[in-house]
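Both complexes below contain chain A, partnered by chain B and then by chain C.
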Partner chain A sequence: MLDQLVRRTLGALVTLCVVIVAVFFATRLSGNAADYLLPPGLDAETRRMMMVEMGLDQPVLAQFWHYLQGLISGDIGISLYERRPVFDIYAERLPNTLTLFGYALVLAVVLGLPLGLVSALNRANAIGGAIMSIAFIGYATPNFVLAIIMILVFSFSLHWLPSSGSMTPLHFVMPAIVLAAPMLAEIVRFTRNAMLDVLGQDYLRTARAKGLPEHVVVGKHALRNASIPVVTILGLQVAGMVARVVIVESVFATKGIGDLVVFAAIGRDYPVLQFGVILIALLVVTASLVVDYAYAALDPRVKVAAS
Partner chain B sequence: MLKTLLPALVIGTMLTSPALAQSLTVGVQNLPAWLDPGKDFGNQGSQIYFNSFDPLILKDYSQPGANFVPGLATAWEQTSPTEMVVTLREGVKFHNGDTMTADDVVFSFERILQDMTPEFAGIHRQFFDNFASVEKVDERTIRFTTKKPEPLFEILLNTSEASIVPKSHIAGLSGDPAAVEQSDFDAFMMAPVGTGPYAISEFQPGETLVWTRFADHWGEPAPLETVTLRRIPELATRVTALANGEVDLITNVPPDQLQTISSNPSLKVEGAVTPLFHVIFFNTENPKLSNPKMRQALAYAIDRNLLNEALWGGQAKVPPAHTYEQFGELYLPDADTYSYDPDLARQLLEEAGYDGSPIRFDTDPVYYTNGLLAAQAIQEMWSAVGVTTNINVTTKWTGPDDDLEVRNWSNPMYFADPAGSFGVMWAPKGSGSEMTWPTDEAYAQLWDTFRYSTDVASRKQAYEQIMDVVKEQMPVLALYQPYESYGMRQGVTWRPQPGHIPYVLDFRAGSISLE
Partner chain C sequence: MSKPLLSVENLSISFGRGDKAKRVVEDLSFSIAPGECVAVVGESGSGKSVTAFSVLGLTAFNGGRIETGAIRFTRRNGEVTDFARADEKTLRDIRGDEITMVFQEPMTALNPVFTVGEQIAEVLRRHRGLDRKAAKARALDLITRVRITDPARRFNQYPHELSGGMRQRIVIAMALACAPRLLIADEPTTALDVTIQSQVLDLMRELSREDGMALLFITHDMGVVAEMADRVVVMRRGNKVEEQAVDRLFAQPQHVYTRKLLDAVPRLGAMAGAAGPVPFGLDPKLAASSRPSGEPLLEVRNLSTWFPIRKGVLQRHAGDVRAVDDVSFTIGRGETLSLVGESGSGKSTTGRSILRLVRPRSGEVLVEGWDVLKLDTEALRVARRDMQIVFQDPYAALDPRLNAFEQIVEPLVIHRIDKGSALRDRAIELVRRVGLEDEHLERYPHEFSGGQRQRLCIARALSLSPKLIIADESVSALDVSIQAQVVNLLIELQQELGLSYLFISHDMGVVERISHRVAVMQHGRIVEIGTRQQVFEDPQEEYTRKLIAAVPVADPTTRMTRKAAAKIIEPA
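And then the complex of A and B:
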């Protein structure tokens, strides 16, 4: 067990190191920052001086060395566009993205598990059918379409919700729903299928036969076994959320890191982009690790196999 | 549960409505990443500076002409062609409480003239190249000296780049409080301080800016208590925020969205022709376009009035030359630098020996409103005279590339003189000329005559001759001045003032009122 988890953790660290090296060269290969970042009207001499100031006149290997040194000493650089520490920029924006992630995860899990359960238990009647239809629609609707529809309905027509910004919790309602929608649909589907699988198993018949009340049979024996595929989905969906948050933050003008990273990629703001990619890699790698640990906690066979 | 929640949400939204009191919330498409008027000639910064900073000389911005009025100077006199003596206003306060001194004024210019950062060096070259020195004569008097005769003293001292900033405040921002260091300017960009009617009380780069009325402003007090600018990059979201009452005013409304806003009874649209040209320019050093006849042909083949009708509903303004109404006596409304003549275009193509190989037209997908659509329309117009075009959509600025052929660009009016728009780009050392149009000694002499003659008649004559060179050489074609629209709720009385450079959000006294 320990063995297995140590190996996983080491693998995660190697992944991060690869990302740290790859992101540096990938950003440089994507084009010269000066061609994207500086105003089009700049004269050649000012342009040259700005390149010197931003350190872009240095050889790539020298820049790489400087970047590694910075990472080790905790200095992640100055944004080429905003001219202030990258750290300050992320410190301003990361809380909004994490809040959004938190709301979306809670929403997806808190609604998804019971809905999946209900639809499994009602698989033969209209309730189950209705839940699954809505889940499929949620899964199939592109998030920017859902976002615009929600804005048109709840802001433009009904005036119930603010359309943009991140000033109050109300501002997070629509972005969180849009971000959660595909994950919610996934969780509903997987919970339902896993439950159907488990409900037909012999040990459930045994549990019922020994006279356990139905809520213990479903809630303890069935749900725990059914939750393993659901945990897998959560791990995968965190990576999916990173991709979706980019669009969601842009449409709802949430000041978060998704919007920031896209802006940095378009403008070739290397330091901001590099740190953003590293941060996202860290998030995804951590999520996979947490999933690995969760397997071990949920399924005793993982422990046995590992030791 | 949902039923009890919704009314609560409605009340919550109403309570946060910005309609109350003398405050305004603006949804802007973009906000700058840093603020310092002396470093910046960009379109994002120009939205901001006028409300928070003052130059020595102001003007009546309600009309396009040059009607200068006292700003931080109460009087000014050009004592010789190369010398201007300025008398400073007394008792002017900066937002941080400092009183403006002659040293602040000298410093505001010295940081540019001494190239204290690369950005200041750029402004030095593009705006104040002719300035030799700025001296304090006494506590209330400043003397500006130029290298060559300077016909543009008032115009240059009126620019936003010539705004006055507090020296001792800036020096004290970091490191040694007595010395001015690079890090002081870096800190100032995040929390700028000026003398204007609104202090910048909150600034989150690229996202939010809050103006608060500055009680000790020397001039007419600000009409609004607070103004909040919020960046809302998505057009649909910006329009919805307006319709939903989250913001009172939005910027950058493209022509195809005007109907959506004006059909809503609680909203309205205001707009004006912007003092900025959308242009296309030709790389004269590319073998395909090195023959002037080739460039002339491509220019003659473009029906700019049709572009205006189709893309701007006829509201943009098609210029006869690279000239603006704001130039006053130098305005050339009757020039024929640019015109549409497809037959002449065909003839010129033949004379130039055009071999039918495709011309590459570079454009950003979104940077210029209607930029890509205009490129596609031009592709059709060129096709009508027998030229094939490949449109190359890229976010990269390809201006300096050797393989550039044609691309779109904008030429803003940085100040109201041909030197401040055509000149910044297309003077002998202009940024456009440096990229694609190396000019000869004769042009340099013509330019010097235009730039440094002190009587208007010789300047105008030289300007006309320069436009003749442009007609002959065709390095750049001004397509139109775009019509810039703003959406706002009915209770807001505001419109862009014609005396400003592009995109200024003027919320000073007399420019805005709320109901």
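And then the complex of A and C:
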């Protein structure tokens, strides 16, 4: 099983390397930064000077070499727009996004698992039906709609929560809820289905035949098994959150990396864009690695399948 | 007579509510004295398992309801508890402590994500209030008690790391943890190989004697009944049809249904003197049996199928599992060759290799002179018309979303043999041929019983008019009486259509009935091959003798004289 995890980790590293190479050439393919950055009507000499200044005059392979050297030495360049180190920009913005992710994940898991459990145990009555209906609505509502409704209700009418910014923990409440909603709905549905599947298994009958009380039968014997598919969903959802965070951050004006990357892409700010993509790739790859490790920890059978 | 340990009085259980409510146990009464072994016998659907669960107080979890009657159990402290009325808390205290259960399917009865040691220790913590350390020490004792070596290592293993027989021992250890007064065993050996079955039965008998524990044994296998029971209750469709001491039941069965059950039991040695296969119910000495022409249909030469073992970060090729290792045999037209052996001996892989469902490593499979292993995709498709397979599990082998008609004609459509109304005619002919009726064609798999489904699988295999049918444990999952019917069908079809069979089975009793010749496999190799008489009446190999000796004998009088088939030592 150690072999398997070592292989997964190596695989993750390879993925990252591929992303690092691909992002460089993909950004170059999308058009010349000078056309977007420099004002029109600039005379040829100034234009040439600016190109030299930004390092855009060199052959692509030489630029690529600089880029790699920079990544290794930790000097990831200067934003073509803001004219300050890319590192500083991300140092400002990344914590906000990570906080948002953290809140959303905790919210989705802490609410999702018990709700899924309760709806599985109450599948035949109104409680189960109500939970599943709400989960379905949460799943089907586009997040910008939910965001705007929340702003209208909690900021505009009730004045409970700030509608934009990222200064205090309160600022993160609404964005985290909006970011968590689809994931929460997915976790509820998956926990419920996994639980229903597990509840019919023979080993639960065995557990009852041992005279174990119902909370041990469900909370220990069933939940551990049901959590295995849920972990998979978590891994996929982290990747999904990356896409959603762009919208959420722009609606709530959270100064995070989501809208930073989008604007960098539109403006061809290569250094910012490249590093943003690499960071996101790192996040997603790490999340799926964590899922793999969690899988191995939860399900002893994984070890065998691997060898 | 002393006070009974358990007495079931006029018990009725039903499932479902309102109009759809269905009685599955009707006015059942029987009792068990301390230390006694009572067997409840019947086919699937007879209500025997439901009865077992009601004795454990688990009826409600199963979706059933006790309508009338009482289940009175005398507890250790002399109190009598009625399970039909007791509260859940009382029942929980009795379950796992005074009454415990061993289940049919050791593969699924254990929780896959906890170590087996933890699953035993849990019972002790629950009922004996032991702390972790004391529970572990006691669990290690129990693992030793069910004759498993190296308990310290086993304690930390997960169910999937143990063989089926070993898992069943763990379940037994779990059941014995609190020295129960009554152990319920629900088909505890049905899912196991014969040799393992006899070990587990021996173990249960010894342990029950040591502890003076009563046994309620639920089974459909009369061989097992003869081995284990003091008294037998025969059930059919929820009703008790007969209750007798075991010797009397076998000597003078009163009810016609009991007699039918007894007739369906394969008895080793019953075929002495017969040349070929003889259907159940017919006297082998009088019945005419088919004789194959001797002309070979299938020739397997030096067939080997290996599976690679990969290890390490780079998945290096570290060795091979030689699932099939240099196997050669021939099957003549109209002949049945049985392939016997324990799980993992390579029987099924041999069958699949012949059809090229797995890729053999080397060797030749000649069907009428063509080497199946060398054919290209198109030629292989044509060649497969001549060779069809019937699998073990008739539940899994049918597509739940196709009705019987679609299942049966699918091969004809794939091979573009028939279409339109010709399909319907052929399907009708086929279902009639396997003993089903025309109207069955419109039904879906879940509307059929296990035996009917297997008939459907046979009809599907027959649709292409094959010359060879590979029957891979095709009757193993069926009740004894249904099994007898399906075996009889196979024998009849062979006589009429001149089919050849490769009959893969671990059940020596059935093999003796159906075979012309028998090949015994062990560790991927054929260790003995010969005519049925040679193999059964004069086995040359120790392994063959062990397989034959392990079959439960459906005769209670031989129980004590028969020597234990196999010593209880399982390789690590």
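As a working rule, the second predicted complex is superposed on the first by the 295 of 307 C-alpha atoms of A that agree within 3 Å, B and C clash if a C-alpha of one lies under 4 Å from a C-alpha of the other, contacts with A are read in each partner's own complex, and residues count from 1 in each chain.
The rule is simple: contacts are C-beta pairs under 8 Å (C-beta built on N, C-alpha and C of every residue); 3 or more make two chains touch, one makes a residue touch a chain.
Predicted, not measured: the structure shown is a model, and the values here were computed from it.
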Between chain B (first) and chain C (second), which does A:L29 come into contact with in this model arrangement: first, second, both, or neither? neither
Between chain B (first) and chain C (second), which does A:C17 come into contact with in this model arrangement: first, second, both, or neither? neither
After lining up the shared chain so the two structures overlap, which partner does A:R224 touch, if you call chain B first and chain C second: first, second, both or neither? second
Which chain, chain B or chain C, ends up touching more residues of chain A in the combined arrangement? B
Using the superposition on chain A described above, determine whether A:A124 touches chain B (first), chain C (second), both, or neither. neither
Can A:W160 be said to touch chain B (first), chain C (second), both, or neither? first
Once chain A of both complexes is superposed, is A:A209 in touch with chain B (first), chain C (second), both, or neither? second
Could you list, by residue number, the parts of chain A that touch chain C in their complex? 3, 6-7, 10, 201-203, 205-213, 221, 224-225, 228, 298-301, 304, 307
Looking at the complex, which residues from chain C come into contact with chain A? 56, 58, 61, 92-97, 100-101, 103, 105, 108-114, 122-123, 126-127, 158, 160-161, 171, 174, 310-313, 315
Residues of chain A defined as touching chain B within the complex: 31, 35-36, 38-47, 49-50, 52-53, 79, 81-84, 89, 92, 148, 151-152, 155-156, 159-165, 167-168, 170, 250-253, 255, 259, 263, 266
Which of the residues in chain B end up touching chain A in this complex? 6, 9-10, 12-13, 16, 27, 33-34, 41-42, 117-119, 121-122, 125-126, 186, 189-190, 204-208, 230-234, 236-238, 240-241, 243-246, 395-400, 409-410, 412, 424-425, 429-431, 434-435
